[in-house]
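Chain IDs A, B and C follow the sequence of writing; residue 1 opens each chain.
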Amino acid sequence: MESGTLETLQLIVSGLANGCVYGLIALGFALIYKAAEQVNFAQGDLMMFGAFVALGLANESHMGLPFWVACIGAIAVMAALGWLLERAVLRQVFGQPQIAVVILTIAIGFLLRFVAGIIWGHDPLTLESPIAGVNQHFGTLVLGLDELAVIAVTLALTGLLFGFFSRTRLGIAMQASSQNQLAAYYMGIPVKRIHGLTWALAGAIAAVAGILFASKGSIDPNTGLLGIKAFAAAVIGGFGSLPGALAGGLIVGLIEPFAARYVASGYSQIAPYAMLILVLLIRPRGLFAQVHAKKV
Amino acid sequence: MSLLEVDGVTVRFGGVTALDRVSFAVEPGEIFSIVGPNGAGKSTLFNLISRFHEPEEGDLRFAGESLLRLAAAEIGGLGIARTFQNIELFEHSSVLENLLVGRHTRRRVSIPEQILFTPATRREEIAHRAAVERVIDFLDLQLYRDRTIAGLPYGVRKVVEVGRALAIEPRVLLLDEPYSRLSNEESMDMRFRIGDIRARMGVTVLMVEHDMGLVSAVSDRVMALADGRVIATGTPAAVQSHPRVIEAYLGTQAAAS
Amino acid sequence: MRTAFKTSYAQDIRLFPDVRRALRYVALVALAAAMPLLLDDFLLGEATNVLIWAIAGMGLMVLTGHAGQASLGHAAFLAVGCYANAILMDRAGLPFVASFLTAGVITGLVGVLIAVPAFRLHGIYLAIATLALSILTEDIIVLAEPWTGGVIGLVAPDITIAGVEVDRYASPDLFYWLCLSVVLIVTLGYRNVLRTPLGRAFVAIRDSEISAQAMGVNVARTKALAFGLSCMVTGWAGALMGHFVYTFNHEVFTVIISIQLLVMIVIGGLGSIQGAFWGALVLVSIPQAINIARDGAQAAFGGSMVIPGIETGIFMAILILFILFEPRGIHGRIAKWTIYVELFPLCRRDMFRRQKSFLKTERMR
């Protein structure tokens, strides 16, 4: 293979892998938005926290548990944290305007970052993961196992969630409760319990995203700020659409390396946000949005 | 010349035809009611006049001028005021402030003058305040003047919404289900108020209601809608006894028996 | 309990509802004006900081608290005001008063330019778009190096007003009074807006766009106006901030500042002018309170206790507590206490209970 196409291919794969992490965070946003119509700005910080929990359980310098046990532990801890957050904090603002939730979750994100900084410090750490740094050879093409794992897990999770929302009773009840809470109550849907469940699920996804991200590189408390980029991805894809969230993540993930490679490195930072503003201007509700007119 | 003419309008949402070539004309000074079961297209008709929806075909004329060239925010200025089926008041403002928004189209002072609060602004504000006070007097809202909407009972909010529309000093008032969810006494009050609005303010009233009994007492003419089509227009008695109206309301069996 | 007896319409539109309240505000302004005589240079600097944040807070308050358009990007407008002012003074040689006013107008125009496309965005989407804008602005400042000095930044030029030099360090009292006069002018203008059709139109589009339209309020134009006024005031705050911090680069106007500004007015109390002041007071006093507490703890236990990020942590914790227990912020809490005291002992337990509300989807507009 020619070195030019090879390089492009590698850029695409690393872009896709990054994009999948964004996509996984965006999936968390979309999930909560779809089921509870709450906008969770703390999803990125939940991911960071999940990565640290896994790291704290798995790394030799901390608890030193076997990797897979640590993964399951981190997922359980994050699901519990998500459930707890909904129970203790978000339930209190039940029914208030979306923007109250936005501000609240921003604050939760900052607090998570603060707590992570106290527990694990502010220096970058790496997760001791069996998939980190292992390369897979396809002829002359060399791909990281970590990157391939990210892509595979993301696709599987998205498919699973999509099936859950369109096929199962619970998934449909979740959607209904977000569109009209009062009506959902009347229909006998336990709206509050569903919200708790949703947040637990979002916490679990954040843990998975965190583990995958930490396998690819180092993390520190400010890694949570990645959430903003993932948020851009979720909006580009259209809120409340799970495949849209993934697509948005992939788009952002792909733009970055190419903007850095072909435009100028200073612009790769800008590219996702410029794209976001562009999408909002052309299609104010994202590329895959569902919009209905309000009845008066 | 009719005050408000709706001329063969059709509105479709996706595949659903909400209004199908509906025509009618409201004469100055009359109380005209549109009745029909839920989903007949009554509110769509109001939203059309408010320019929230675009008709697929047909024309809307107010005092001979087409409304289709105007934007939603320009309708109030012509003297067409309205209320909403589910009450759309400014929840966190007082009754007084809500009514003052009704004066919006009557403002004359420029924005810099407002920011500096020049004497001209002060004079105008006092004039608006006086105009609003006349509406408050008319609707007996003195008790609630400084109360926030969020804490008011449903029946009072309904009256406040009528008041806000009257503050525009409209030529025609559109009332979207003015009786819905009101108690018997409140309905009675509302009925007298609608009569008074025409008698003492000279305002033409166009209202939408699904309960025929409630409107027949005050209306000069009634139009019945079903599934987006006009099925009868005429005096309340004539429309009430029209076989197709009975059919639309009670189903085919009742009409047959 | 006092009942206001109204005898004329003019009473309803006065600046202050009654003489007592007017006197209270006059005393407050007199106290504020006397601050340079009462405080040392360090505390006076902090007081100046409160005033500047209060101006920025009022800028955002008119947009978010009254017109209901949440912006997570107002640091961008602080930056525009700050750089415009400095560049106009340095490059165009304008005197401070002229460049200051122009900087506000420029920022206002930028705000209107952004509001026009943003008109189609509602609630959360607008918040996201402005958030992206704030992040972009940081990068643009770095990239526009010939004008902004890039990562090195700019030094605020010296201020001379009518031959008198106003310097943040050499004459902190004069700089304080400069900020105070801007605060007073902006507050008066803000108060005027609220008692005229413009302010009512803002509240109308916040509470119900659909009926605002039916009342003849042009929603797009009103939003653009809200953005314009908001950004103008924020631009002025930015210009003063530039002089206050003396040297500035992109790091002074990060997206964190945008978030902080929004959080600040929520803590202060959305929908009230006073809220901007309360929020600014809280924002500026937290680091000081932490310093005092830390000094006390170090004196008691010895050793050094530096916890990075604790200011933001505490600030955000305060915000969460306010949203949970007093969504109307400090101003709302004070208003409730006032009513409680005035009615004592007639207050009922459930008097201020919040109505139970159910969220309807905002996907439908």
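Keep in mind that, in the parts below, a residue touches a chain if its C-beta (ideal position, glycine included) is under 8 Å from a C-beta of that chain, and two chains touch if they have at least 3 such contacts.
Here the structure is a predicted model, which means the values were calculated and not measured.
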(Q) Top contact pair of chains, counted by C-beta pairs? (A) A-C
(Q) By mean C-alpha position, what chain is farthest away from subunit A? (A) B
Q) How many angstrom between the C-alpha centroids of subunit C and subunit B? A) 40
Q. When the C-alpha atoms of subunit A and subunit C are each averaged to a single point, how far apart are the two points in Å?
A. 32
(Q) Can you work out the whole-Å distance between the CA centroids of subunit A and subunit B? (A) 48
Q: Would you give the residues of subunit C that are in contact with at least 2 other chains, written as numbers and ranges?
A: 210
Q. Which positions in subunit B touch two or more other chains at once?
A. 52, 84, 88
Q | Touching two or more other chains - residue numbers and ranges from subunit A | A | 293, 295-296
Q | Residues on subunit C engaged by subunit B in the complex (per definition of touch) | A | 9-10, 12-13, 189, 192-193, 195-198, 200-201, 203-204, 206-208, 210-219, 225, 271, 355
Q | Residues of subunit B touching subunit C in the complex | A | 50, 52, 71-77, 81-82, 84, 88-93, 96-97, 100-105, 107, 109, 111, 114-117, 121-122, 125-126, 129-130, 133, 150, 164, 168
**Q.** Touching residues on subunit A, where the partner in the complex is subunit C
**A.** 37, 39, 89, 92-100, 102-104, 106-108, 110-111, 113-114, 117-118, 122, 178-182, 185, 228, 231-232, 235, 240, 266, 269-270, 273-274, 276-277, 280-281, 284-285, 290-296
Q: Write out the stretch or stretches of subunit C touching subunit A in their complex.
A: 70, 72, 117, 120-125, 127-129, 131-133, 135-136, 139-140, 142-143, 210, 255, 259, 262-263, 266, 307-310, 312-313, 316-317, 319-320, 323-324, 327, 356-365
